[in-house]
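To keep things simple, chains are lettered A, B, C, D, E and F as they appear, and every chain counts its residues starting from 1.
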Amino acid sequence: MFFHSKQLAFQSKPDKPDPIFAKMLQEPLGGQWGEISVMMTYLFQGWSCRGPAKYKDMIMDIGAEEIGHVEMLATMIARLLETSPIDDQEDMAKNSIVGAVMGGARVEDAIVAGMNPQHYIVSGLGARPVDSSGNLWNAGFMTASGNLLADFRFNVTAESQGRLQVARLYNMTNDSGVREMLSFLIARDTMHQNQWLAAIAELEADGLETTPVPSNFPQEREHSPASYQFLNHSEGTESREGGWAEGPSPDGRGEFSYVENPGGSSDTGDLSQVDPRVYGTPAMPVPAAAKK
Amino acid sequence: MFFHSKQLAFQSKPDKPDPIFAKMLQEPLGGQWGEISVMMTYLFQGWSCRGPAKYKDMIMDIGAEEIGHVEMLATMIARLLETSPIDDQEDMAKNSIVGAVMGGARVEDAIVAGMNPQHYIVSGLGARPVDSSGNLWNAGFMTASGNLLADFRFNVTAESQGRLQVARLYNMTNDSGVREMLSFLIARDTMHQNQWLAAIAELEADGLETTPVPSNFPQEREHSPASYQFLNHSEGTESREGGWAEGPSPDGRGEFSYVENPGGSSDTGDLSQVDPRVYGTPAMPVPAAAKK
Amino acid sequence: MFFHSKQLAFQSKPDKPDPIFAKMLQEPLGGQWGEISVMMTYLFQGWSCRGPAKYKDMIMDIGAEEIGHVEMLATMIARLLETSPIDDQEDMAKNSIVGAVMGGARVEDAIVAGMNPQHYIVSGLGARPVDSSGNLWNAGFMTASGNLLADFRFNVTAESQGRLQVARLYNMTNDSGVREMLSFLIARDTMHQNQWLAAIAELEADGLETTPVPSNFPQEREHSPASYQFLNHSEGTESREGGWAEGPSPDGRGEFSYVENPGGSSDTGDLSQVDPRVYGTPAMPVPAAAKK
Amino acid sequence: MFFHSKQLAFQSKPDKPDPIFAKMLQEPLGGQWGEISVMMTYLFQGWSCRGPAKYKDMIMDIGAEEIGHVEMLATMIARLLETSPIDDQEDMAKNSIVGAVMGGARVEDAIVAGMNPQHYIVSGLGARPVDSSGNLWNAGFMTASGNLLADFRFNVTAESQGRLQVARLYNMTNDSGVREMLSFLIARDTMHQNQWLAAIAELEADGLETTPVPSNFPQEREHSPASYQFLNHSEGTESREGGWAEGPSPDGRGEFSYVENPGGSSDTGDLSQVDPRVYGTPAMPVPAAAKK
Amino acid sequence: MFFHSKQLAFQSKPDKPDPIFAKMLQEPLGGQWGEISVMMTYLFQGWSCRGPAKYKDMIMDIGAEEIGHVEMLATMIARLLETSPIDDQEDMAKNSIVGAVMGGARVEDAIVAGMNPQHYIVSGLGARPVDSSGNLWNAGFMTASGNLLADFRFNVTAESQGRLQVARLYNMTNDSGVREMLSFLIARDTMHQNQWLAAIAELEADGLETTPVPSNFPQEREHSPASYQFLNHSEGTESREGGWAEGPSPDGRGEFSYVENPGGSSDTGDLSQVDPRVYGTPAMPVPAAAKK
Amino acid sequence: MFFHSKQLAFQSKPDKPDPIFAKMLQEPLGGQWGEISVMMTYLFQGWSCRGPAKYKDMIMDIGAEEIGHVEMLATMIARLLETSPIDDQEDMAKNSIVGAVMGGARVEDAIVAGMNPQHYIVSGLGARPVDSSGNLWNAGFMTASGNLLADFRFNVTAESQGRLQVARLYNMTNDSGVREMLSFLIARDTMHQNQWLAAIAELEADGLETTPVPSNFPQEREHSPASYQFLNHSEGTESREGGWAEGPSPDGRGEFSYVENPGGSSDTGDLSQVDPRVYGTPAMPVPAAAKK
């Protein structure tokens, strides 16, 4: 069960409305690497966790924290779409965003053009479950596999992509209130990158999982000649110069080698003929007798 | 530019057709963590790469390799949907999959029921760009950010989730031809997990990027009190027992602390009133004068 | 069967082209609550209707009407993208939308920036089956369940969300031709909200369905203690002040009560261990013997 | 902010595993009208609420409750995919779901065929954010408009469609543990249908909103002749027999009338010619001079 | 405007219910190449048509016809999900589809496993706007470009893919009522393939459009050396043996040539360095001074 | 297998950055009719091809070529997002795109408003797998059916829609570098329209397939009265004036006729009553006895 506290995780008060930035701030809310994605990822990972209690509790903690981040961003976006406090109906019409398009002339075309139109038309000046291009959030943005190492690697990624995007957004605004909230999100992403890296180390220390994931698949069943070969698939061999082309592999079980001209199998992928009633094009015309 | 060799990366010959397994094998072809996802991920990462040549060449090599993996799986799926070579039209009708549903009675209902129906109706016994549930592949399954550490972390994840899924599939079939091909894929995923881990180490050794990503965002702009705190968001403190709750952080820049009862801000997220012509529900009835 | 009349349901002539408003007008055409959604909703509800003839005929009537609304909006959008009648090729190049981006300089950047680029590139100055953000219409926007009360409640919602959006659009334009057409749509939505409310009353009067939907599920099979309790899930009890927290329930079968501190069950959701060959992370390391 | 309690909202223990029913139970978890949809709907409605505090608090309460319903269903699905507690590795292989497909023969083809294959391959015997057909949840399934009456009507619909689906599922299983949990969900849906109906009554009593939504759009701007007309669009007039065809309208502002043969406007939707450089097909061939 | 006739385009009465075939029949209703796709394609092409009246009227005729095809298939699917007329409640429970899963034992697991579960749970034994895998219809399945030749080519394709799928379905059932309806659809697809081929001939005869589309783009602006070259991109030259590799081109304006070893440009796609505040990985470490 | 050459298919150097045009150029990269669509279409058609070797090789050649087109466009887009070479950090901040939004004032609002925000925030000034509205590419944009005539018709369409879109884009820019690359793409689309038309002729000459597709479905099983009738579905008979309404049909097997007032069947689509436990609305109230 989950309970709601009225306190926001961090204050979300912009200096002033900025509907174009509101559109951009949808990315960390509803984008591929936004807060809805991590919230749903962590909750589903936690609900399916069959590992030790400390992991499950930790995952649920951060899952609950992320719901609060969605809340914080949704609040900020709603405020970026607002006008200042109302003194007078007349004034409000002039100053408000809607006013800008209602006054006989489109005086602020650039603003209108740059907004997410659904912030007006659909949500009535509230946040939307979309990214900065307006794409609807979908569950293909999240991951939960039951294998904690595979999933914690996803989680490090999500916190890295997320911090990267928020850092870019930080440079696109001068609003001190917005920047303050972004600096909080950036700090939490610093924590969460570290947290998942620490959790990965712990999983390995606890003997639960290691590279290659899944570690309890019996490695003798692999086609072992291919397990540590770098296969060059282009002209030029710049790719030979990296640590992935020679020396011991990070899992400590192999030695990298570089194959400059990899060959394939002798199988050329030719397919057999099938029942003509599938109506695919065959290698030779179908005799009339078969057409019935 | 890209050129095609007729050799398959690995032989793709099943012992016998198995349309239900053909459906399941769509997951590593067209699923969230399938070969189309890594192919597109690596190609886009390579095409946008502004880093050193060895990285770009390496990314393009593996991108080209993955196109060949899609080809190998597509061939296997087409063959799992085929009947044996044709001697006789009469026989084919009996033995083929379509025959099973055409002979007056549905003799093999379980097979028909368990297939992906689009393998008949849409692709005519060929592979489809879908996952094992039939969901169409979409570009929300791939990632390319311009930041190589953020992206290489995604790549380690993709190779981990991918190897996990293929290992599960390995246990769902007894077909020796299929298992042989899967053992090749598992070996390549072993290589690729190691490759991306090595590339991450190289990026750090080259001084290009480190934790937290992005590493050249000035950390003094973070809201630093929050950068290394674990915030408990549930009853119980099992989450305190992990390496993420105390001790030095993996980035070497902080010390984890555990906050058992985290508080939020004093901001309760209340929103201001907006122009009544947005027609949202206000805190008080709108005076008649404003309704025009 | 359906037949087409060349008369538009209502005239769709703007005073002048306005490509930015054309983008916005896609919302009531192809958005979640646009005319395609209600057209498809009503048609599918009608085609699956097993209720009395008066309902089926009524649903089909409004379904057919809505196809005409899609037509009317598609025509308006095509006209908002047009230039004035052509006298002269030279002039047309200057005045037209394409001209604006072809004349050596981008003289009207705001307009170009604010348009839906697919109105140029994809549909060649025609309407698109998308919303105002450019999201493609999909069938997750419609509903048909076979239960008329559940569906008529959806229909009231659709006409409410639709009228709300069109009213907002009304305030974003000064074009008298556009406003006239919008005032027709608003009027029809007034009718349709009333129509579905009347239909709900009729369903109840006819003894076919009532609250709670579905009304012929035997209510003694409910976990009855939970049927009329309001469960507070947050600090503070403002939610106690509403009509949903005490007094008789609208279905006439219960009495609301307010539970300030709801408890859950004693089940904490712990999961059992599963076959190690699923490769999920277990509570304890898998003994070597099981790894095969 | 949100906090997690380890108690499930209701116990979620099936009598025995049933992987086919696990697939079906995805519908109320991740389908169009499932718990993720209502959870996200209520949270976004609450975060954007500019109405009185009692509404906002009430919406947040039920939003938090619904997160717990997602949790409860996710737990039940994970358990429906499990085998009984493990005594012996040998036995587990025989009894488990994975064992069924690994033992040399596919002894339970119908079960394998009827499962959601991603419950094996992707989530490793955990719940997925999908519906019973495997479609990924997306944000087009939720709604938040800023207008509480429009949104509460959606909420009544969601609780009606949801209760309908769960009632259907109740009849598809004999598992007493599953039925007990479903009877709890059905009871909560009874409450929630009543709750939103009561909230609609309260909104009207508070003078905040009424039919037609949005009620503060000045009705004199409607094209009033069309506001209360039922327009017959088919042969036959069975649709005349309902309460929507004559008598006072539910909003108390009009009188229904029935138009048997509605005419349209004189506008036939003809479009003007546009710049030939758009390359649409014109009414007459383009003179050579324009081709440049 | 559109009007509804109660007559179905063709009778839609199966000999008996068949819920598995009902799932398969969703493909021509709601799949990529199903009737919803052609209905929406033709309607949007018609509404945006700026060509001669005979084309627009013809497109609208077939658009209206296709709405009737959707209706016919929706009716057939609803009937394939039904039991026979009811004599007795007791019996109905035994014979009906729902009965099969309610009677204490799952006596017909294969049928239950092979159905689309949403035909039970969501639509209550009615058709759904989905394909045979359960994917929701979306507007990416339709096309309207404003250029009639480009669009008529799409239309020929749609009628070809459609007839192919229906022919496959014809071979998957023995139900004479279903086959009769399918033979009607196949006949209409024969007509429509011919119709669009005739329309293409007419467009060319009318001087409105020809190959290459769009024909009024001045061909001297093409990079002409590439306009008629076949570029071999693989080992082997089997592709030289076709009519696309030598001889006059179908547009009558060129001569095909075969390039066995095509070279590319001297541009190797290297990218420049960008502002470090974008946080992409650069070719060299960013000096400390830039990190602010 | 596939191998990468570092040469781009054609040079991709714009005269200068243009972020708004970069957004528009996403359409031919990642739109419904963009290069990803044709690349995936041709690769899947090739991998499933059971026809003669010359066809399979030809399809694979063009499939490989199209991967190179995606690469070329991705490079161009990345360059359109770049600033000029860097002399000086200070300057770069002023001149760069990011600089425009960082300098205290938003000096170039129109540019910022008109860009795809994900070009900043998500891809860090690289191309994205999306169309010009930001919709993610999905596999519903491609086609492979196993029947080469059905598929080659799709391919002609794709090259026609593609050339049309690129021709429109050509008129929206004055950048000579961009125009040069577009003129190469237009030339290749000229070739490819011709190529697929030639391939269609070859298929027919080889006796493998003809109109109507699929040609080996026995035409005596069609409902033949409907095979060559044009059915008028609207008022007015302008549609009678085309070559589709009389004369011989293009397949040489029929004679078109025009049916001015087509009738339907006597079936009115009425549905039977079903088990009340499906909870659909019946024609008459359900007796109490059935409610259990």
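In this text, a residue touches a chain if its C-beta (ideal position, glycine included) is under 8 Å from a C-beta of that chain, and two chains touch if they have at least 3 such contacts.
Computed from a predicted model, the values in this text were never measured in an experiment.
> Which chain's mean C-alpha position is the greatest distance from chain E's?
Measuring from the centre of chain E, the most distant chain centre belongs to A.
> Check C-F against C-D and say which one is joined by more contacting C-beta pairs.
Higher contact count goes to C-D.
> Average the CA atoms of each chain to get its centre, and name the chain whose centre is farthest from that of chain B.
Looking at centroid distances, C is the chain farthest away.
> Determine the centre-to-centre distance between chain B and chain C, using the mean Cα coordinates as centres, and give it in whole Å.
Computed value for the inter-centroid distance: 31 Å.
> Centroid of chain B to centroid of chain F, CA atoms only: how many Å?
Result: the chain centres lie 24 Å from each other.
> Could you tell me which residues belong to chain A and also touch two or more other chains?
1-9, 32-33, 47-48, 55, 60-61, 63-65, 68, 71, 75, 78, 98, 102, 110, 113-114, 120, 122, 124-126, 130, 133-136, 138, 140, 145-147, 149, 164, 167-168, 171, 214, 217, 233-234, 236, 264, 269, 271-274, 277-280, 290
> Write out the stretch or stretches of chain C touching chain A in their complex.
20, 23-24, 27, 31-33, 110-111, 113-114, 131-135, 164-165, 168-169, 171-174, 233-236, 262, 264, 269, 271-274, 276, 278-286, 290-292
> Spell out the part of chain E that touches chain C in their complex, as residue ranges.
Touch residues, chain E against chain C: 1-5, 7-9, 30, 40, 43-44, 47-48, 60-61, 63-65, 67-68, 70-71, 74-75, 78, 122-130, 136-140, 142, 144-147.
> Going by the contact rule at the top, pick out the chain A residues touching chain C in the complex.
Touching chain C: residues 1-6, 47-52, 55, 98, 101-102, 104, 106, 109-110, 112-114, 116-118, 120-122, 124, 130, 133-136, 145-149, 203, 206-209, 214, 216-218 of chain A.
> Inside the complex, what are the residues of chain B that reach chain C?
164, 167-168, 171, 277-279
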